[in-house]
Structures are given as C-alpha cells and as structure tokens.
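Look for chain A in each of the two complexes below; its partner is chain B in the first and chain C in the second.
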Partner chain A sequence: MARVLINVPATAKRGSVIQIKTLISHVMEPGFRPGPDGKIIPRDIITLMTCKYNGEEVFRADMFPAVAANPFVTFHTIATESGKLEFAWTGDNGFTETASANITVE
Partner chain B sequence: MTAARRIFHILHAASLPACAAAICILSLAAAPLRAGDIPLNQRQSGYDTMGRDTRAMQDDDTANPATLWLLDGEALWSKKEGAAGKACADCHTDAATSMKGVAARYPAFNTKQNKPLDIEGRINNCRTEHQQAQPLPFENKDLLALTAYVARQSRGMAIAPPPENMQPVVDQGRAIFEKRQGQLNLSCAQCHDDNWGRKLAGSAIPQGHPNGYPLYRLEWQSVGSLQRRLRNCLIGMRAEGYALGSPEYVALEAFLMWRARGMKMESPAVRP
Partner chain C sequence: MTDINTTRRELLIGAGASGATMLFAVRPAGATPEAMKTAIRKVIGEAKVSTGRIKLDIPPLVENGNTVAMSLTVESPMTAKDYVKGVHIFNERNPQPNVVTFHLGPRAGKADISARIRLSDSQNVIGIAEMSDGSFWSHEISVIVTLAACLEGTN
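For the complex of A and B:
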C-alpha cells in the first residue's frame, strides 16, 4: 500500500482558484537501470493520475519513466461548490491507490 | 578562502604535531575551537544555502516527501515485533514526549555495550535486547522510517553538546574528519571547514552539519541516513568507505554533532 498525502484547503470562496498538492510514495522504477546482478530491473511506474471534483474530472496526468520517485503533483482548480475531491492513481503491476478530501465552499 | 582563513590553514598544516599534542591536553577539559574550525556565529545549516523551491518543500510537511517515511515510522512505532511481542510504544509510550530531544543528543555512549551508539544503532539495540527481534540492516526502509520518526520529535530543538564520556569518540571523529584520504588525498575539513560557501563544480559546498538527518535527498529520491551521506562523500574523495554501522562512522557522527552543537534540528529535512 502506498502512502498518500493530500493538501486541499478545507474552505474556499466560491469562484476562487485553489491549489491542490498531492504526494504519493512510489519507487517509479524507470525500467532502464541494471540491478546488482546486471539484469535490467523491470519497469514499475505510476502511469495515470486523476482527480474528480464531485464526480467531474478536473485533472488528469499521464506519467512516464522520467518522473522521479514519490511523485509530487500540484495543480489548480476553481472552487465551484462544496463537496469531495477524489484522487486515483494507477500503474504497472496492477498498482491502484485512491484518496479523497472534502472542501467547503462559501 | 579569505586571507585570514588561508593563513590559519597554512599555520595549521605547518604545526600539526605540536598542535595535536596541545589539543590532547586541552581536550581533557573541553574540546576548544581550533584554528580552521568555523566560528560558532558563522555556522549555517544547509537549509540556508539551498534554493527557494527546495526550501518550500522542507517548510511544508505535505510537500516534504520524508513525511511519507514519518507515516511509516508512526505505524511501526506501535507494531509488535520479535519473540517478546513488544512494540516500541509498549515501553516508550507516546514518542512525542518520550523521544523529544533524543535525536539532538545522539550518538550517545551505551554503558552496557561499552560503545557509542547512534539512533539507528540504538533502535537495533532495542530490537535485539527488548523485542528479541533481528536487527534491521542499514538503509532498510523500516529502520529509516523509525529513525526519521524518532528524529522528528526533536525538530526545532538545539543540538546538545555531547557529555563528557563521549569526548574520546568526538576526538576520534575529528581525527577522521581531518585525515586526508582517498585517491584525491582530501580530508573532510578541506571542503567543509576551509572552503564552505564556495563552489565545487556547480554545487555549493555546505558546512556539512548533520542537523537534518535522516533526510530526503532529491538526488537519492529517498530518505537516507547520515552514514549514507558520509559514505557518499568518501566515494567522492575516491576513498574506501567504512562498512555501514562501523565505529568510524559513529565517531564521525559524534564529531559532526559536537561541531553543530546549539544548531536547530530540522529532521527530516530536504536537501538537493
């Protein structure tokens, strides 16, 4: 299980731009590096991250082997209404992780 | 290098045997500041010289990737281990109170084992003695997580000067710090005492204080221990590193903590 840290403002003004920060623990093994035995370590990366705001997708990112370990992704969206932000990550070897955060819009 | 520091350096090199004898006598009382040592009021953390973005990462716990290790460490703290079926929390209860200030005064002398132990060594000592579990190998993720969790409880506290019984260890550490070694024939002191603030290729040379360990190094893409950092420097000097967990590293750690006494703990920090 991967560790996840989500930083979403608990409250925001309607129509304001909010910053969302996400951090997830993952090795992001690029698949090009030889291990101690000389054999290539197989690729093991997160390939997709999405964020849904009350069911509507507001952010999506494809990831590739050049992304560093423990990807730290920040993005902005507009606070439209109170509700839930749902995050999902999927990757190699059947990797999946989800997290969510609530926001109150005034 | 300023003119004054250069002169100090020449004096230092010229009268090394005499100087060493004088230090041996003086160090019985308290290790004094020597020519070439960084004056206490000029010391700076690696934090002070790193870039704005890296500082922002360290300042915000939700942006600092070492927090992921802290979460693991917190879970491990109350996980029962070994034949004794005890967790750290069973003896030490709440880490926020029991571990406060511990990392700021380690490495410390363990009278039972009659040798100095750093935090990693102390955790493994607890594992074998009280939990009756296998010691964790160095740089193991669980050991780093526990060490980071323990060190986190001392964040913001001043590094405590080591007690009297650590003086021989501190002196041994200083001797290693000032010894030229490796194919490049360099000592730690030549960079971190004499040339801090200047550049080595494109990188700033820091003073080399241990106040943020274990820390997340962007180059490692992971949390690493102070011993890993020391081995890293030795490899850069093309010297043969000591085995992780060896007394030489513990002595170096003890000297570096003495050298950084009074500075604020930042563990777990972020460094480039």
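For the complex of A and C:
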C-alpha cells in the first residue's frame, strides 16, 4: 500500500477555484539505472493519475520516468457542488491506489 | 557578389544581418535535439506552435536533479468554450523526451499546476499548452543542474 496525502479544502464557496494537492509514496524507478549487480533495475513507475469530482473527470496526468519519486501534483478545480473527489493512480506491475476527499460547497 | 565600391561600414552591416538570419535559422535545430522534436510531433502532429500564453517556472539553477520543483500557468479564460485542453512537458537530455502530460478541461477553473520532475543534465525544458480551439503555445526555459538524476547507479 502506498501512502497517500491529499489536501482539499473541507468547505468552499460555490463557483470558487480551489487548489488540490496530492502526494503519493512511490519509488518511480525510471528503468535506466544500474543496480548494485550492474544490471539495469527494471522500470516501476506510476503512469496515470486521475481526479474525478462526483464521477466527472476534472484532471488527468500521464506520467513518464522523468517524474520524481513520490509524485507530488498540485492543480485546481471549480467547486461546483458538495460531494466527493476521487483520486486514482495506476502504474507498472499492476500498481493501483485510490483515495477520496469530501467537500462541502456553500 | 559585393560591389567593389562598397564601404567598409556597409559591408559590416551586411555581414551582421546575414549572420543574424543564419543564427535564427540554425538555432531551433541546434537547441532542440531530434528526439525531443520527434516526441513533440508525435503528440501534437503537424500543428503550428506559437510562443506565449504558457509560463513554465523552474528554478534556473537546480542543485539536485532528482527532485526539481516545476510549476506552470496558462493564460486562458477557462470557460466552457475556451479552455486549456492539456499541457505537455518535454526535455532535451533525459533518457526519454517526455516528462509529463496534464489533461485539463473547463472544470479546472484555472490552468495552474505544479509537480516535481527529474532532470538528468543541464538542458532546456519546454512546455506546450493545447487549447480548446486547437492552437498550441509553448515556453522553453533552460535549467542548469549540478547533480544529475536518473543515470547514476544505486550504492
């Protein structure tokens, strides 16, 4: 299980732009480095991250080996209605992780 | 080619002008290694890329290429009809030209994203924003990296 940290404001004004911060623990092994035995360490990265707001996708990121370990991504969205923000990460070797946060819109 | 009566001053002006045009003609090919160009074309096709509207922000001097803070903003009203569809980040000298691609929509509110990336060497990083009207805008910055990422072995 990868550790996930998400920062979403608990309450927001309707129509305001809110900032979302996400951090997930992952080695993001790029697949170009030799290990102690001189062999290349196989690639192991997160390739896709998505954020859905009440089921509708508002943000998506395709990641490549050039994304640093423990991907930290900050983005914005409009607070349209109260509900749930769902985050999902998928990657090499069948890696999947999900997280969610609730938001109250006044 | 040059008239025998040309003064020294005229000759110098002419030489300067042709030198400048040569510089402009040659520069993009020199500064942009082929791999990055190919990768960009693969993503955006044959579309024309203009400079402006997107602002990429990476510290000009990076101590550790393993974690480089990168942020970007794109000028756009972000309405249902006029919004940023996506932003693609490319680099010149990492083993792979792609860095990350962000997909946005009108619900993003504002195109303001930050993330942490790896840079294996001092190089140029380019951000290309794709707008809903099909236009592409870019911003290229050069970054100096003192400790490279990606290629050194683990100890």
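We adopt the following convention: the second predicted complex is superposed on the first by the 106 of 106 C-alpha atoms of A that agree within 3 Å, B and C clash if a C-alpha of one lies under 4 Å from a C-alpha of the other, contacts with A are read in each partner's own complex, and residues count from 1 in each chain.
The rule is short, and it goes like this: contacts are C-beta pairs under 8 Å (C-beta built on N, C-alpha and C of every residue); 3 or more make two chains touch, one makes a residue touch a chain.
As the structure is a computational prediction, the values presented were derived from the model and not from experiment.
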Partner chain(s) touched by A:Ala69 [first = chain B, second = chain C, both, neither]: both
Partner chain(s) touched by A:Ser25 [first = chain B, second = chain C, both, neither]: first
Chain B versus chain C as contact partner of A:Thr98, first or second or both or neither: neither
Touching partner for A:Asn54 - first (chain B), second (chain C), both, neither: neither
Which of chain B and chain C A:Leu5 touches, first, second, both or neither: first
First (chain B), second (chain C), both or neither touched by A:Arg33: second
Dominant toucher of chain A (residue count), chain B or chain C: C
Contacts of A:Thr80 with chain B and chain C, given as first, second, both or neither: second
Touching both chain C and chain B, counted on chain A across the two superposed complexes: 68-70, 72
Touching residues (chain side chain C, partner chain A) in the complex: 66-68, 71, 91, 94-96, 98-105, 107-119, 149-155
Touching residues (chain side chain B, partner chain A) in the complex: 57, 60, 62-63, 65, 67-68, 71-72, 218, 221-222
Parts of chain A lying in touch with chain C, wherever the complex brings them together: 17-18, 30, 32-36, 38, 41, 53, 56-78, 80
Complex contacts: residues of chain A adjacent to chain B: 3, 5-7, 21, 23-25, 28, 68-70, 72
